[in-house]
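Each of the next two complexes has subunit A plus one more chain, namely subunit B in the first and subunit C in the second.
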Partner chain A sequence: MITERLFNVLTATVAALVVVFLLTPIVVTILVSFTSSTVFTLPPAEWSTRWYARMTTRPELWPSLMLSVEIALISTAISLVLGTLCAIAVVRGRFPGREAIQTFVVSPLMMPGLVIGVAMLQLFREVGLRDAYASLLVAHVVITMPYVMRTVTASLSLFDFSLIDAARTLGCSYPKALLKVMAPVLAPGFLTGALFAFLASMDNYPISIFFTDAWTKTLPIQMLQFLEEQPDPSIAAMSSCLILLTVAVLFVGDRLVGLRRLADF
Partner chain B sequence: MDNYLHVIDVSKRFGESTVLDNLSLVVRRGEFVSLLGPSGCGKTTLLRLIAGLLPTDGGRIVLDGKDLTRLPAHRRNVGVVFQNYALFPHLTVAENVAFGLRARGVAKQEIPAIVERCLAMVHLADYADRSIFALSGGQQQRVAVARAIAIRPDLLLLDEPFSALDRKLREAMQIELRQLLRELGITAIFVTHDQEEAMIMSDRIAVMNAGVIEQFADPRTVYERPATAFALEFVGTSTRLPGRVSDWDGDTVLVDTAAGPIRARAGYVSGAPVMIGIRPEKIMLADGNEHGMNVVRLRVLDRVYVGSKLLLHFDAGSGGQALAELNPGDAPDVAPGDMMSIAWRVEDTLIYPAVGHG
Partner chain C sequence: MGVTAAAAPVGAARTRKPRRPVDLLVLLALPAVGYLGFFFALPLVALLAKSVWTSAGPSIESYARFFGDPFSWQVVGNTLKIATLVTLVTLVLGYPTAFAMARARGIFQILLLVAMILPLSIGVVVKAFSWQIVLRRDGVVNQLLVWSGLTDEPVRFLFTETGLVLGAANIFLPFMVLPIYSVAKMIDPRLTEAAATLGAGPMYRFFRVILPLSMPGVVAGIAFVFSMAISMYVIPTLLIGDRYQTLATITGRSFLFLRNEQLGATTAVILLVIAVAVVLGSARLARGLRRTA
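Now for the complex of A and B:
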């Protein structure tokens, strides 16, 4: 009994420490963003929202934010289509090399971003793709596909295909059965994959760095440049906004799918 | 009753293996037919061909004069109750039942009344707004039935719908479903590997084995006069004794078996290898008046009392066993090891060509 209670107390303590360790940087960032001072001080001597105001007046911010959102949305949409088709082939297909395909598509998750970035840069130069926007988009499809592929494969392998048969005998053509039954049943998987893909694209740095130019900079790269050139707490304000975005996305995911299922993928 | 569904020379192959080979079946209007056979005999494949969920590799399927062979599943108006029910998890009970009606474009204002009526038929009127996850297995099965009959199918197919239910519930559902389908006058084909279930439910049973219908008859005929050795073995219990024909006169053959000589009504040439079959309830204790009967004297191996009857297992020689089903009062003091004379009518002796010897 005593050892069991001791064990429980111990695990609870360790868990609490881990949570504190993970949350501290986030809390610090948010606190710093509300300082009135021009330097990063903790705790802030005086509170103000001036850095949020300053953030909105930095001319380079909006283009890069719009670019990041645009790239994230488009690459996520492309990944949803390609990743789903790929997942169907892997789960339903009966051909050799299915597992290899799955591993290949998911591999960008396991490889260092720099390696992928260098490799793609060389490839793009070789085939003559020099346009920064197009390069970024292709690179981000590669980044986001694994998330879609993984979640859709997981939900597809749990999908009961006799539901399609049932819908067909009840009067749905095959395509209509896919739309009326498979799409809604798999919706949580699509949604989860899309949310993670979107976030992965939004904050990607190591791969994007290879494909930006003076006019085409994604948000993380622009922020790092701010940090190098004119560091002030407005960067903390931007970070806080990104944290808010992530929390919002997770909240939406929880509402629609449930956090427990999100964590499963 | 007129003929309603014609399955004509239908074949189905999966790659190299032929699952159904030129199979034909005629079902009458309003009839309840069971496809009975072991797993892998092709019964579910036949069901899926009739439903249009699989394309045929030859042959035709005609329902009420309409050729369905080339029609896709969604235009056949054939209802299916699936083995795992295949209820839509994202819809409520009522929405599941309404699914087919919506897909068929039934007028919106008519749908709730039809759904309500169908749910009432399966005693689930109060469950309309529940999630299907909140239902028990038996209730899910009822929803599946309600969903299938809501579209007023020309034919209802049921693929082992009771296999996931426990015994007591299964028996109640069998009777209930049979009554419901009789009331509605729906022609139904029912796939099962449970011979007792087939007996209880069906007007006629098609005994299937290896892609072929071995016998298609009413339950009593299937039980008392199995057409093949497979039907004898698969339906009910029986004593099966291999033997060789030793004599033949007109309509009776004499067969040498390990249990002794046995007469049967058949025409086989002398020397032909055969299989003798006897249903356990046809066997009685010999009482000295055995005119027109087969009598053998065997050693009792085991005695099993099951309340309404007494089962006696006999050593039939060469490792074979004979099984007799008696009234408990008929042999009160039999013990294993006793020698007993048992008898049965020559007419009740079933005989088949031995399997594997042509």
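Now for the complex of A and C:
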């Protein structure tokens, strides 16, 4: 079938171009970070690591990195607890409105971040919450919860609960059956959800921007400020470090869960 | 994500008798629902309410003023135009890619998966910044164009709509590919073979077999990309600058820099209405597709 073959060649070509297209920004950022000049020419005339040295001398960088990691870790942890409880209720419960609850809990994902940010800002003013750190934390739980809810619901609904009954028949206690039978099956879903929740929190700009002050700035906000104030290749150096970190996290994720599962939307 | 998640089977336990009384399991959902109800739904409702309720009673004055200004129509037009273009570009590139991904094996499949997931995990500021470098006058795109002889002189991309669409399409492309991929890999290849055996031509096979089966993924992908594209803020800030206004950039800037909160609240509500329409519309479409499938 000649047309079939043509179709296959065509899709493969588009896919190959898309791979190049998608990886371009990453490759470009890494190349620029090793330039010796102050401009962003490609390929660099001379290679150097001076921008990595320059990066470490920017005093604002480390506090914002630490703040972002802290907020992301705590908000992901809170979301894991609340999201998992809700997922259990939705999958195992028998009450009306379960589908509505499911849709509601993942809905922050589909709403414009800026609008959520504006709305929260007005609420926080109303209730008198002025602390930047607390506001960020409260907001980031809303950002991370949909990711947890989505993946945990998906893996819970695929889990065969009669396995727990089987384990108990074979002499396991109920908590032990949960731990030995259910936990290993659900672990990949947990990990995937937690990973994307963490990354979404680390990356969030449109909601966080409303809750920062001079001393409390998350990493994306600090980086955009660098870009607007004095753009130089040290920002490419920071970006490259973040890319390296992401690759490492994804590598671990691949070992634990498998890339194919990470791609399951 | 929301659309596919809503479609996920939640009724796995429907046929079995519940182990516990019903009311206890509802309690488990309460913390999450309560939290989002207070910190997510309530603020949005309050935003809506405040925009039509002034101290003097109900009023749509802020909207009347907004839509009375021709500049506002241009802003709404810009927002919808850019979002539509970005969605189209990602759909045209993403649809074949998703199918290639579903068919690919071995190293090619791993490469495709990495190309999707890696950019997805990298911050939007980082990606938009690298597009700033790529699209410069002396950037990679211009070097390629001049080198290949397509243009004699470098073309201006940065701070143009073309540059914005290109950068945004790159950043949102995985959100189009992955939902279509998750549907495409479920399509049984024997279906097209069966259709071919029964005498269906390639066009007929595509439009009557492949396309209808992949529609749920397409709808989900379009909903994601469109709703992200109408509300992007960082990408236009870096790729097109302050002079080009969309609903999202106006919302952000009027709160952060201009201190014109009434304007910001108005544009925020318009953005919210569009986003809700996209979500409801795509959910409705998805439900219709499931029924006919």
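To be clear about the criterion, the second predicted complex is superposed on the first by the 264 of 265 C-alpha atoms of A that agree within 3 Å, B and C clash if a C-alpha of one lies under 4 Å from a C-alpha of the other, contacts with A are read in each partner's own complex, and residues count from 1 in each chain.
The rule is simple: contacts are C-beta pairs under 8 Å (C-beta built on N, C-alpha and C of every residue); 3 or more make two chains touch, one makes a residue touch a chain.
Values in this document were obtained by computation on a predicted structure and should not be read as measured data.
Enquirer: Look at A:90 in the shared chain and tell me whether it touches subunit B only, subunit C only, both, or neither; answer first, second, both or neither.
Expert: second
Enquirer: Report the partner of subunit A that touches more of its residues: subunit B or subunit C.
Expert: Residues of subunit A touched, subunit B against subunit C: more for C.
Enquirer: Applying the touch criterion given at the start, work out whether A:73 contacts subunit B, subunit C, both or neither, answering first, second, both or neither.
Expert: A:73 sits against neither subunit B nor subunit C.
Enquirer: So, does A:166 touch the first partner subunit B, the second partner subunit C, both, or neither?
Expert: A:166: touches subunit B, not subunit C.
Enquirer: Report for A:185: first if it touches subunit B alone, second if subunit C alone, otherwise both or neither.
Expert: first
Enquirer: Could you say whether A:176 touches subunit B, subunit C, both of them, or neither, answering first, second, both or neither?
Expert: Only subunit B is touched by A:176; subunit C is not.
Enquirer: In the overlaid three-chain picture, which partner chain does A:61 touch, first (subunit B) or second (subunit C), both, or neither?
Expert: neither
Enquirer: Would you tell me the residues on subunit A in contact with subunit B in one complex that are also in contact with subunit C in the other?
Expert: Subunit A residues touching both partners: none found.
Enquirer: Considering the complex alone, what residue numbers of subunit C touch subunit A?
Expert: 1-6, 8-10, 12-14, 16, 18-19, 22-23, 25-29, 31-33, 35-36, 39-44, 46-47, 50, 93-94, 96-97, 99-101, 103-104, 110-119, 121-127, 129-131, 133-134, 136, 138-140, 143, 170, 173-174, 177-179, 181-182, 196, 202, 220, 223-224, 227, 230-231, 233-234, 237-238, 248, 251-252, 255-256, 264-265, 268-269, 271-272, 275-276, 278-279, 283
Enquirer: Show me the residue ranges of subunit A that touch subunit B in the complex, using the header's touch definition.
Expert: 160, 162-163, 165-174, 176-177, 180-181, 184-185, 187
Enquirer: Which residues, counting only subunit A, touch subunit C once they are in their complex?
Expert: 1, 3-4, 7-8, 10-12, 14-15, 17-19, 21-26, 28-29, 32, 40-42, 82-83, 85-86, 88-95, 98-99, 101-116, 118-123, 126, 138-139, 141-142, 145-146, 149-150, 153-154, 156-159, 161, 199, 202-203, 205-206, 209-210, 219-220, 223-224, 227, 235-236, 239, 242-243, 246-247, 249-250, 259-260, 262-265
Enquirer: What residues on subunit B touch subunit A, complex-wise?
Expert: 48, 51-53, 72-74, 76, 78-80, 82-84, 86-90, 99-100, 103-104, 147-148, 151
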